[in-house]
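Got a structure for you, written out below as structure tokens; questions coming shortly.
Chain nomenclature is as follows: A, B and C, assigned in order of appearance, with residue numbering initiated at 1 for each chain independently.
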Amino acid sequence: MKRALLLLVVAGFVFVSGFTWAATLEERVAALEEKAGSDSDFRAYWKDGLRLDSGDGAFKLQIGGRIYVDFAWMSSDDLAGFNDSVEFRTARFYTSGTIYDSFGFKLQVDLGGDKVTLKDAYVSFKDVPVVSNLKVGHFKEPFGLEELTSSKYVTFMERAIPNAFSPSRNAGVMVNSTALDKKMTWAAGVFRETSDGKDFESDDGYAVTGRITGTPWYEDEGKKVAHVGAAYSFRTNYKDMIKFEKGPEMNLAPKVVSTGDIDSDEQSRWGLEGAVVLGPLSFQGEYMHAAVDRNGGDDLDFGGYYLQASYFLTGECRPYDTKVATFSRVKPDKNFRDNGGAGAWEVAARYSNLNLSDDDIDGGELDNITVGVNWYMNPNMRVMLNYVAADVDNTTDGDADMAGVRFQVDF
Amino acid sequence: MKRALLLLVVAGFVFVSGFTWAATLEERVAALEEKAGSDSDFRAYWKDGLRLDSGDGAFKLQIGGRIYVDFAWMSSDDLAGFNDSVEFRTARFYTSGTIYDSFGFKLQVDLGGDKVTLKDAYVSFKDVPVVSNLKVGHFKEPFGLEELTSSKYVTFMERAIPNAFSPSRNAGVMVNSTALDKKMTWAAGVFRETSDGKDFESDDGYAVTGRITGTPWYEDEGKKVAHVGAAYSFRTNYKDMIKFEKGPEMNLAPKVVSTGDIDSDEQSRWGLEGAVVLGPLSFQGEYMHAAVDRNGGDDLDFGGYYLQASYFLTGECRPYDTKVATFSRVKPDKNFRDNGGAGAWEVAARYSNLNLSDDDIDGGELDNITVGVNWYMNPNMRVMLNYVAADVDNTTDGDADMAGVRFQVDF
Amino acid sequence: MKRALLLLVVAGFVFVSGFTWAATLEERVAALEEKAGSDSDFRAYWKDGLRLDSGDGAFKLQIGGRIYVDFAWMSSDDLAGFNDSVEFRTARFYTSGTIYDSFGFKLQVDLGGDKVTLKDAYVSFKDVPVVSNLKVGHFKEPFGLEELTSSKYVTFMERAIPNAFSPSRNAGVMVNSTALDKKMTWAAGVFRETSDGKDFESDDGYAVTGRITGTPWYEDEGKKVAHVGAAYSFRTNYKDMIKFEKGPEMNLAPKVVSTGDIDSDEQSRWGLEGAVVLGPLSFQGEYMHAAVDRNGGDDLDFGGYYLQASYFLTGECRPYDTKVATFSRVKPDKNFRDNGGAGAWEVAARYSNLNLSDDDIDGGELDNITVGVNWYMNPNMRVMLNYVAADVDNTTDGDADMAGVRFQVDF
């Protein structure tokens, strides 16, 4: 009986203390639950930048920016304008997001060189029938593999010189989608030539631009990729005038080849793209062409191409994004936060050519050889070292040598 | 005895396992509590934009922006300057907040058109005795219902033409408050004419501006509202010069009426406002007047007015903010995230008149009829479609037709 | 037996209900744990601004800005250009952070006066062997105690006039560290004269600049401090030209002393600093000197100095940052959120002198007496009231009086 009594006391103690304790713990859990907020609360975390996602996934925001600090040393025996330089090639703030599940936006401005330049500024609509995605605003026309690859991810400090024919960003409306289980992408849009977001008034300056790509080979989660693509753009010229010009592949180098103003109502451009990824080794090349319908004169044809090879000494590979058919962020494979932080090391070389001479237009021909070394310290920072040898075949021939170093961070 | 022993074993098991489990759970709760942080930690969530509130409510921050992409088609048989256009009417970043319970700030810049324009930039003090709120910095003078309603919420793409008399933003000090249980608001301030935040040096260019409003009728949580208001501003003119000018209600349209520079030391302006909300139907109108004290000539009087009607096909109503006596954010009533996402649909029409001719000043008279359709896809996005017919009665008479579409997102 | 049965029932009840309850509670805790996220999730909180820190401390971000609204009244009987003025002395957005433990960045732009000016824009590397910190980008050269102290924390509305010799921000590479248990700091860098982040092209305009400081006395957690320092800079001049000029200590005052352009290949500058903190009382002074190596003429020497005293009526003291040897944020000691929010009150006076005349260069001599009252309403806001009396000894002598008020918020 005493034992039963003892047992009863023990059981009672368990009962009472357990529930007292339980009540306290429950209160603490309830307090935590209140703090934890609802499904619409944001979770903030770092994934290649600051991200905020709501618990239910309906809202996703990103806030960040990027800085490229460039130092360059340039010299030429026979050409003017090649000086040493330092510049903030890019200094951008941006915010982008998805709201209410299927509506998107992005606002991005560049503040380098003490001026403000509107870059991406658009609203987008996802899950649109047939076309998947619809974008309205200021963004890149779908033309050119290297142009459409963010400057954060391109292999050299500057894009190759045939990029003189890439329309880059203009104001317009675009639809795009993938097909064949992401083995294909297509994009098409109507644009107005707004020149970096400035107000634009004219009855001319319209463009229709489209791009189609295929990925016939995609294996090992992107370690083996073959990419092919083609783009076309038909354009009416603002003020019946068109000019193509370009300098070597170092940003503040002078524009050594130029067609000058050409009297023309309309023009068309086309481009062909190819790329192969074989693990750490990759190749990429493009050809671009502009056919100018000249007023009072023969029609004109200009063209350019480049071919590049890149190799990661540390074994990473250039990641290919099947949704938009461009290359994306290189991330050091190794644990770059330990072991001395070696990060990823890439060596690369490129040959490029741009010919702006045709008929009586003697715009000149430019050849560039660029070699580069990239050090990716972490997924958000890299140091780039480029040497460029330029050969100009113009009314005055000449050579120029350029060396540049870039410190890049995006966040 | 065996049973008792069994019971003891069972009770012991309950005791031991319970407490073992309890210790583990308690540890997990403690870990969570540590993570949950203190009352001063921010909770991030979406409410018409990204918001961060501290647990104790003393700190509240907002970070966001807005983009308006405008496409316009304009034509006139007899007037120059009506071209097709595309522009980023507005591309803004902002951050605002309340800190330490009763101190506020806002910094907002517009980056449209590749230039930077300081918009709101002020510090504010809440809970100030007598006057409730005190603001110092760059913000809108208290003048005009439509001017004081954010462009995010106005019914048409552009404000009505009498807005030529609204001072908009200048640098100054303002106090404001509500009275009679929010049935009244008043605001008064002293300002300097800084023209969009530029540095300003002068011994002239001061203004004293005040506004008073009443809401005699406010029922059904704002579904039935009557608003009346009046504003007055006395102003000394920078460099003894004043000019009023305006174009039709499409942003890049040319300024077809203008007084030209008038030699004047000072002027006064006054405005009358009225609005009625009857559920989905609403009416709004204003009259504005400028009385210019001319040097070496008769004094001058200019005026303008507009009247508009709006109707929500989908049943929403224009929300009225009793604290500042302006209209605020339209939110689709229906579950816009399901059911095909119909959102809210509004149709509206406006007639407006601006007369800038008096005495020997032949600035011209402008009449505008604007009809519009607005589609509010979600609380943060809308597409606006406006048609404007303008009639100019000037030294050269003329008509112009304008159609515009705006894609708007604010976040 | 019945009792035993009862006991068994009771124990069974405890067992079952306890575990049922436990299961529920455990589920709730598990749900919370899922929400609480991983160690890489950010915790957002306010500490003199919005901060986001990841749980593991590897990522730390700050997003914010600052606004200074200045109103000034200036007059002079004998000198031109002293007008009343209002300006947004500073209107900045910034974001900075540390990522992957040891990599840093900062991007900061000023948007005052409707123009954009790149301020800090750099990447930094922490835990670098020997030198501790390495910075690359656009930031302040290590020269001058007051210049290196943020304008958020300096005692008067404007820095003292000898600041004409401070190089401020340029593009370059700098290393810095502390020594002797933070009793010493040193910094050294190579820079190019980029003038507020603009693109810069030239073969000249290089500078080598270094600073060394000591804190022989540091007691009572910084309530008693003695600081001494020296800085030196050797500079080649852009376009073989150098000019020093300055106005009195009110921002929009005219530049009343100026050397004009001096033909010179190179120059050197040096500065001496001293400061003493004795609780609420503090003293600070600097002497700066520029030695210009003139082409085709005698070498030139210019100099300037200031001495200031500040006293906190409410007992706070100016906080000294031993890591970078500058002054930092003043925080009201008293509970400024209650008791009428008296905040911190500081009175201060300064005498400063700048002599830009030497040899045949008659740049003029400027003396300033400035008295000021600062009200720190909370750690992030202050109102400054300054009176400046300027005496100019130039080709035309003259006096000027200036009064200014600043509303400052940083967040």
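Operating definition for what follows: a residue touches a chain if its C-beta (ideal position, glycine included) is under 8 Å from a C-beta of that chain, and two chains touch if they have at least 3 such contacts.
The structure displayed is predicted, hence computed values, not measured ones.
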| query | In graph terms, nodes being chains and edges touches, is this line, ring, star, complete or other? | reply | complete
| task | Count the residue numbers both chain B and chain C use at their shared interface, divide by all numbers used there, and answer same if that is over half, different if under half. | result | different
| note | Whole-angstrom distance, CA centroid of chain B to CA centroid of chain C, is 35
| What residues in chain A touch two or more of the other chains? | 4, 7, 11, 14, 18, 25, 29, 32, 36, 44, 63, 93, 115-116
| note | In the complex, chain C touches chain A at residues 3-4, 7, 10-11, 14, 18, 21-22, 25, 28-29, 32, 35-38, 40-42, 44, 52, 54, 58-59, 61, 63, 93, 95, 97, 99-103, 105, 107, 109, 115-118, 121-123, 136-138, 171, 192, 194, 196-203
| Can you list the chain C residues touching chain B in their complex? | 1, 4, 7-8, 11-12, 14-15, 18, 22, 25-26, 29, 32-33, 36, 43-46, 50, 55, 63-65, 67, 69, 71, 83-88, 91, 93, 111-116, 252, 336-337, 341, 377-378, 380-381, 407-409, 411
